[in-house]
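We call the chains A, B and C, going by the order they appear; numbering starts again at 1 in every chain.
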Amino acid sequence: MVHAEDIQSALHKIPWFNELTPEHFQKTSELAHLRHAKAGETFFREGDTQDYVYIVLEGRVSLDIFVPHHGKVRFCTAEPYDVFGWSSVTPGIRQRTAGAVAVLDCTVACLDAEKLRQLAEKDHDFGYLLMRRLANVVASRLMVTRLQLIDMFAEPTETLND
Amino acid sequence: MTDKSLIIGSTVALPKPELDLLMADLRKNGFQTVGPHVQDESIVYTIINGLKDLPRGILSEQKPASYRMILTGKDRYFDFIPAGQSWKQFLFPPRHTLFTVVKDGKWQLKENDEPTPRYALIGVRACELAAIHIQDKVFLREDFSDPGYRLRREGLFILAVNCLDPDSTCFCASMGTGPRLGAGFDLCVTELDEVFLVEVGSELGRSLLGDRNYDLPSAFIQNTANQAMERAAESFVRTMDTRDLPGLLTGQLEAERWTEVGKRCLSCANCTQVCPTCFCWNATDQVDILGKSTRRERVWDSCFNPNYSYVVGGNTRPNIRSRYRQWLTHKLGAWKEQFDVLGCVGCGRCITWCPAGIDLTEEVAAIRAEVKA
Amino acid sequence: MTTTLINTSAHSAGYTDKLLLPHWAEIVKIIPEAEGVTTLIFKFTDSEVQERYRFEPGQFNMLYIPNYGEAAISMSSDLESANGLLVHTIRHIGNVTRAASRLKVGDVVGIRGPFGTSWPLNTIEGMDVVIACGGIGLPPLRGAIQRIIRNREKFGKVLLLYGARTPKDLIYPTEYEPWQKAGIEMQVTVDRGDENWTGRVGVVPMWFYNFKVDPHKTAVLTCGPEIMMRFVIFEALARRIPSTHIYVSLERNMKCGQGACGHCQQGPFFICKDGPVFPFSALENIFNVEEY
């Protein structure tokens, strides 16, 4: 069993958590636990119900989608202090649209998504901070996705025979 | 008058037929005399042998997209304003072999060893001389010099002519390049009805003129010439406001006007061909049919060519708007930073020879107006 | 009759009026790198030219294949690493470079160069260095990386961020470990990975979110697709790194290599002569103007 002090000291390493009031920090740490995963372990698969939102503390987690004829395409990785599985906290689809697997040995903080949502509904001050943080996570992820979409290293379709 | 009485700066009155003899002397000294000649319903620069080849009694009338020759019947040879060609074709030929490679087992390189022609340019106007000086800055630099240009330039003889009848498209006065000639010529001619008033500009000019039959110019002749030049200087109808010209254009890269002119411009590249300072070129391999030898040729190019700025993956200037903007912001802007002088001499050729009649003085004025608005 | 002797780093031409004439160089080695990318190693056939030829990382040569034409190719190593030989990593994408892919060891091509400005390694001594590159943008920086390793003690922290489209497009993968052992921290990222890829999937500019820089003593060297460089610059400026400390390498259509044919101009600059390496401070007014 992970001791409360362990999870709390782990969360203190993450910058956002240090912006919370002591009360909010306490409540959040109560719905969080640490997980140590070996390389190759799965966190969730496409289609799973969304139960946790995750923050990487050590290691690397990769998100993938299975594309017929292409196999599993890894389209994103989460590094230390990156959030993944955030869609479980934002309103909307309740099934995972991608899979998450550890590619290196990892330590990950897992936050109970349902309880986090409830906390945000009851306490709007906390809810605002949470959503603000998530907005930043999603925004930066969107920016990366856009650059991936532009496919800047792709072979050009037209070349000039000079 | 003896030879000794002429010095650099001397002015003489030369009877017009003497010019024929002067040109013959030039040819005896190994020069090819090239100058204006009526051809193809216009005036081109080509080999000429004497007065008979010059556009006698021709006055020109220009406006955007129009060049007309008017017959005056007068015994005058330089009343017209030059047409769509410039002297750059002689110093910087439209096609020029850089080198040849021959496969003889392995590749061998052969530099261009064609003899360099010595040109005597007959009838260079002030704007054109200014353009030659500007191209000197491009092709004769400390860190790079074009051997073909250098040899042609070193062997050049310039007989310049003062313009007395600027056309409506001329604006050399605004650009500070004319109408009166500055320095850089071997001989400079101001034409009067009866004689040529000739000024000596160099030692070569002095010695050639010294063999001719000339008189000291009378006060009347001097006055007539001066009055003609003053009239010329006051007769410009087109102006270009050059105040802060690089800054204005480079600060207005997103002006509405570019989109507007981009709709009119055909990207035909006429302006760059007739412009006496435009210097862009391309180099291509001309392969012989058996593939055993290749000639690397330098040809004139233009920033209006659609593939001029092609890089792998696309074209950095894919539309006419961006290409016109490049041309104008380079000519009247970036040029100054690159070569310490604006790239436009105010000859007005681009206005006359643009099939869409685009007038760069009007474009600049419109952009200025956008800033004020 | 020849004019000025070239007084900069010894040029293959020797004289300022011979700059348009190529010198013959023989291919001594060919190394396939990734799909569509090969490294060719050349030696001038004239030993005197080979002897005096010098260049700095960041510069480029004009590679001439008779019957096809010329292409501008960056130096892909520094002078010492290749014992003075010319190393060029080429992406076979255009007419000339595709012809280059058909060359064999022993074939002879023409080379003119070196041209352009180089990575300002002397200026950034004592600083932390972030090298951000992607795709075919790594070869022009490899010479700088090698030079930094050779003088490692003269620089602070050195971080190399390298991105490619997929794992099989990564160039020089065997050198990553030696570079890291030599004191270069390296992070590799791909746009998309497969099941076997355990590295990062993402884009190079985003790496700035994962580490802290001291804006007063960090220099950024970046080379790659212009859109990648644009975002690297954006992230660097957002972290208050002065634009005078951000160096980019630009690419344009090049024909002559010396600011005489006009093709490579952007604004007042001839990319071949005033660049290809620029401090971003020089480009601030023109870099983001569309279609300029």
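Definition applied: contacts are C-beta pairs under 8 Å (C-beta built on N, C-alpha and C of every residue); 3 or more make two chains touch, one makes a residue touch a chain.
Everything numeric in this text was worked out from a predicted model, so none of it was measured.
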_Of B-C and A-C, pair with higher C-beta contact tally_ = B-C
*Just by CA atoms, which chain is the most central one?*
C
*Take the average of all CA coordinates in subunit A, do the same for subunit B, and state the distance between these two points in whole angstrom.*
67
_Whole-Å gap between the CA centroids of subunit A and subunit C_ = 36
*Return the distance between the CA-based centres of subunit B and subunit C, expressed in whole Å.*
40
*Counting only residues that touch at least 2 other chains, which ones in subunit B make the list?*
284, 310, 312
_Using the touch definition from the top, which residues of subunit C touch two or more other chains?_
69, 93-94
*Can you list the subunit A residues in contact with two or more other chains?*
156, 159-160, 162
*Mind pulling up the subunit C residues that touch subunit A in the complex?*
36, 69, 93-96, 134-135, 163-165, 169, 191-195, 197-203, 205-206, 209-210, 224-225, 227-228, 231
*Where on subunit A does subunit B make contact in their complex?*
156, 158-160, 162
*Over in the complex, which subunit C residues touch subunit B? Could you list them?*
3-4, 6, 8, 16-22, 24, 66-70, 91, 93-94, 108, 110, 251-253, 255-256, 258-263, 265-268, 270, 273, 285-286, 289-292
_subunit C contact footprint on subunit B (complex, rising order)_ = 98-99, 101, 103, 106-107, 109, 111, 138-139, 141-147, 150, 250, 253-254, 279-285, 287, 291, 294, 301, 303, 308-312, 316-319, 321-322, 325-326, 329-330, 333-334, 337-338
*Once bound in the complex, which stretches of subunit B touch subunit A?*
284, 307, 310, 312-314
